[in-house]
């Protein structure tokens, strides 16, 4: 299943192994793991709670994966995103992309995480010594996603 | 140990876990796994043997990792490369890069594998139904490495 | 006009908005003139108080219609699910 | 000149070159004029046969001196380890 939202942790080896299993064309696996940092905007983070919008989340992630598959010559792609309560250093998200060659796998992997950050309905709430607070969106994430925009009339999404 | 050459397989989860262990600044892990493809230039590959140049290999890999650390704001980086006999779908190489933010981790990871492909002394010999043959170097690998070249007088390596 | 039946819209609030409003979802029956996502936002803001402040035009509020991100001019139909939420922060 | 002691160089051949030459390494004592990586390559090619064909100027042969990639003008000193190999294909 290429897109999953779950409370439990994931094993990167097992997930990437399953993603590339049985396809002998695969020579390259690009992966991204996002983890809970201990320090965010200068405040120590004790725990973090991830909320999402069931129904929309899976649809948004699948649309991002489909767009990546249409733009790059890759074999397969996987997104796993955790929700619920997480502690510093916990894994949050895994993006894995398999392909025959590494350039396209890297590009598609970075495309997926950049768009997940701006289009997939997840929200982080941090518990800090000063109390709980919702994490603000970053302008740098919008910039990261915007650089993938195709020129008007360019090759399709 | 940031650079390893070994016969035995590696576990991606364990290696990436060790790489980011104990550093709460890490929020992003970019990784690349290279695997043995079953088909290379239209011939089916039965097994592959990887030879290297002991002494130079470790020095070359360490130099590439050091250059990546000097060029991007990353926390740590890891390269594991296998040698000896491998079968289709086996893992060949792991590059892992940890950082506070994903953009620099991705760039450093791709930089390392691109330069490994052109500067680290490994050679692949494939066993195919038509006999054994040394794999030819790809011009596309030289191109991939060349795009990281800094302009003359630009920021340092 | 007064006899036209009102349409029913399911509205969902997420993250900071859910907490601010104290409600995660509700079924509303806005007047017939409320035909776009923007109009629905303005109609909800007209409730005043925290509704007015959180949904004020200057606030960064994202909208989705039937689980797709939607711009302010997205048309609404009876039975649509419309979500209001802050900019996303996953990954 | 004839009395100048020859320098000793350790030469390593890898991958296809090792197989073609049937030797993985040797210690050579080239004449004093052989002072660069390029000169060593030419001196070895002068052995003829497979040495001439594999090390011919048009062949893609890479060199390393003391475990660092080296260009043809890299100077050689007594005790250096010089490696000859095809373009690398790892990763």
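Read from first to last, the chains carry the letters A, B, C and D; within each, the first residue is number 1.
Criterion: a contact is a pair of C-beta atoms (placed from the backbone, for glycine too) under 8 Å apart; a residue touches a chain by one contact, two chains touch by 3 or more.
Just so you know, these numbers come straight off a predicted model, no measurement behind them.
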Checklist outcome for this item: Under the touch definition above, the chains in contact with both subunit A and subunit C are none
Checklist entry - Going by the contact rule set out at the top, which chains touch both subunit B and subunit C? => result A
Checklist entry - Cα centroid separation between subunit B and subunit D, in whole Å? => result 27
Checklist outcome for this item: Whole-Å distance, C-alpha centre of subunit A to that of subunit B, is 23
Checklist outcome for this item: Note: subunit D sits from subunit C at a C-alpha centroid distance in Å of 75
Item to check | Length of the line joining the C-alpha centres of subunit A and subunit D, rounded to whole Å | outcome: 49
Item to check | subunit A: positions in contact with at least two other chains | outcome: 34, 113
Checklist outcome for this item: Those chain pairs meeting the touch criterion are A-B, A-C, B-D
Checklist outcome for this item: In their shared complex, subunit B is touched by residues of subunit A numbered 11-14, 16, 20-21, 24-39, 88-89, 100-103, 105-106, 109-110, 113, 140, 144
Checklist entry - Which bits of subunit C are touching subunit A when the two form their complex? => result 12, 14-16, 60, 64, 67-69, 83, 85-91
Checklist entry - Which residues of subunit B touch subunit D in their complex? => result 34, 50-53, 55-56, 59-60, 81, 92-93, 113, 116-125, 134-138, 141
